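This is the structure I have questions about; it appears just below.
For clarity, chains are labelled A, B and C in written order, and residue numbers in each chain start from 1.
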């Protein structure tokens, strides 16, 4: 009982920290985009966290943790389970309520990842519909395959805190949706070369990264699912070292490649390191964590450049960070640390591929539905004017004279 | 002893989170007002948290928790009690020091609520004097009636974390002071119609809301007064679901009423849901919490519109959120959850009414004293120029060219 | 084992809070400086936290905690110690991993203090080199004298959480480096009088202060090195009361001296109170804490004025806050609280002096090396244009029309 109390305290704090990541994502997304779309992005973020929690309570939680099931798809029914909630032997590490809330905060994260990538040109209503379905259905089904005890879990697939199950799930959707959306007006010049559309508030973006790093103490630390002192503290160390190495890796690589001390690469490198360590944070030593982070940092720089080349316009680098580093981190479990080995690597690869295929197909279907129902993209006029004006009739910074571009 | 350690850890973390709400309030208030009054609002917020803690240490704590008393008014003397502090059997859930600090952070909150409503035209010195007296005397006396074991507690009045004892106490004062202050210049046109005076930094305001939500993990979670796993985790779930439902309720209702995706309504709806669940967060199930939150969200929209109609100018919607939703949440304890019933409802109603009467009368007296001593409102010239210039000689954003309005 | 779990939970949370102080420092520094150097400051802050952690893992931790040593200098070897990490009897209060990470977050703090003082004219590469060496070598050696069990510890020197070992260590370096750097262009008029170069974002700066205060819950609370309920909660109370008194002290003194409600003095007063209580936070009663804080607040105002007079240009007041109040807090351990007494005072004085001498000499050497290798100061043209443009080719606020000055 006393241990449950301690464990549950830790899990509740981690839940609070993961919740706080929604401020981190909001700050990152608005900071790296233009001021004329700021209110719109904030509205989307508020929608994702509020509707996400409600949908997860309504059915997502029971879709992700269906109890005994066929390993592919199960559903334990609508609503939350008061009987389980009353049972303090539910788990040694947390109560039923804590379990629901911790998982609910994770669920909303996946949709938030999409939000950044599609910013500045998606129709608000269309995004809301898509996010609702993705958080309510796709994310929990994929999660059930591993964390719900499904077939990937049976195969020995390992994904500690969700490099694949959370970050890549968000990243795949982001990539497919931006393919259908197309690039923002002005992103590619007449010669096809990518143009910089600089973010309008880098202090806010930088704060977002540090808040996300803080949130990761809970994201990874809470994924131990207890306050086990050895495992939780190891996890925090690998998480922080990978973040540090990711930042240094990206900043150094960007310096060598572009001869510039590039703050946004530094920031995205930190995030890449965090995503990269997430799959194996409890299985690595400090040196493993630093190597994984360094490579993740380099991947971020390369992936952002790759996305530019194939003309997938991702204003905040969400695909580079969450999809590419999510895949890297998942595979790294087979290459470093306690689980490394050829068989493990192949299982990790299979997991990455199957989750990717399912997410791409699901997103395709959802995008086609949403497009048919409501359309995807705002009009050219609305985009140029900014979504704050056209969708909300509000200015983010009403007292400032702005340089619209 | 081990359980005390765990409980006390939880309570200290909750204390830290409630402290952090002062950043949330600061951000919300400056974000929703004009840039020319930003330094002034920050100064007020710094004053409230610093002087609030000192005054609470000097006498407020002993006024709120007087020990054995007549149920209406008691005082255990000035200063803190080293003897109680040395006694580790003081309480199973926390030490004396933790008790003081947790309650001290609550105390400062009540005055901060007033700060937002009176922004942009109150004299700084007058606000400071009022806040000092309100936090030092009125708030602790009302608190003693219930949390200090006074007559409302004897009647069976229930207010878990302070929908009435904190939020309405702040909200009533806010309403009375803005009645005496009058509306900001330009708030009502010549035809008497309310004009929008848009906030100057919505990202900061939105961050304020998310920080407040985070703080509420501690505000409500800590009000369990121990780390009891079942109660604390239930409380966090009801708190978060009510916040989510409040936001969705307000945004949807505002969409239906004004045909607009209104971010500030969404934000205030989240806060309304949080205030609404606060009185009964440990007595509700998830469905109760969602219903209470949804209704609170609708109340926020209606109350903001009502305040505009009766020409009480509340720049940040503090009265709508803290007073109206505070009353709603307190009454909801008689309508939903474990305590629901006619008798409970009537006691809740009596509590709402008595606290309201006491706060209104106290505020009246304090306002008349402050008005006589120092005046209430800055001059028209100072208001137009902005309080940052007239009271502080500083610009909040010195390097930016501003559109004064 | 259960107690270890609880203690370790507390220590991990404190670690997270100290990490979060890096956002506080970032916000404070960019808020109090000009927009044209914002990206540069953020880049430095990201570098300090990331490289700081890596360097501390590589060698700093083992330099600071060398085990058995001669009391002046010892080194336990490169890298982290997996054997110690596997031993759960390592300490009753925390695991090896927690120990490393908590201390690593502290280490990075010292360099961040320097970052604020040297802002707006130091070469980025030169700062990075200096910070690397200072965090990697100087800070851990000084730390080993007391916290590593060295000669200052043997003498009975007391510095609970680092008024001297962290804050003064940063403050001394800051003072020496700005002496060599010289003042920013425009800081002193032709008549030699100091000119205001106002900070460009006071809301962000104020948020920084509140975030730092929050972080101090972990900085001081975690320095108990366990979750001992009596000591941790006392520490939080003295910390918060000193912060409050520091703010009130500085604001009141500045009001009396300059007839102005000065927000930045209020803010720096809060920080001064926090630095001042840090050396003895677990040894003081509430009244001691309030007196120490009040005096720290007054010291901040006087020290800022003194620095202006001797033409040491410290844009954010870092030397006033961290060096002067750090010295004051260390000496105050001999004047107030459980340890007060003449002998203790003399030991405190000796510690302040010896640490000061070592830091000044070390910084001198490092500055001369860095100057020879890479130069210290950007060109006049770069400084006038702003370091964001010359070193990063980026604008912090790309969409805003700015008033360059």
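Quick note on the criterion: a residue touches a chain if its C-beta (ideal position, glycine included) is under 8 Å from a C-beta of that chain, and two chains touch if they have at least 3 such contacts.
Bear in mind that the values here come from a model prediction, so they are computed numbers and not experimental data.
**Student:** Specify the angle of rotation obtained when superposing subunit A on subunit C by their C-alpha atoms, rounded to a multiple of 5 degrees.
**Tutor:** 120
**Student:** Examine where the copies subunit A and subunit B touch and state whether the two sides share over half of their residue numbers (same) or under half (different).
**Tutor:** Because under half of the interface numbers appear in both copies, subunit B and subunit A meet with different residues.
**Student:** List the centre-to-centre spacing of subunit A and subunit B in whole Å, with centres computed as mean CA coordinates.
**Tutor:** 33
**Student:** Could you list the positions in subunit B whose residues touch two or more of the other chains?
**Tutor:** If we look for residues of subunit B contacting two or more partner chains, we find 2, 6, 9, 13, 201, 397, 400-401.
**Student:** Which part of subunit B faces subunit C closely enough to touch in the complex?
**Tutor:** Touching subunit C: residues 2, 4-6, 8-9, 12-13, 15-16, 19-20, 22-23, 26-27, 30, 38-39, 42-43, 45-47, 49-54, 57, 79-80, 82, 85-86, 88, 94-98, 100-101, 104, 124, 201, 204, 391-401 of subunit B.
**Student:** Okay, in this complex, where on subunit A does subunit C touch?
**Tutor:** Contacts found on subunit A: 2-3, 6-7, 9-10, 13, 17, 34-36, 198-203, 206-207, 210-211, 213-214, 217, 221, 227-230, 232-234, 236-237, 240-241, 243-245, 247-248, 251, 260-264, 266-267, 270, 285-287, 290, 397, 400-405.
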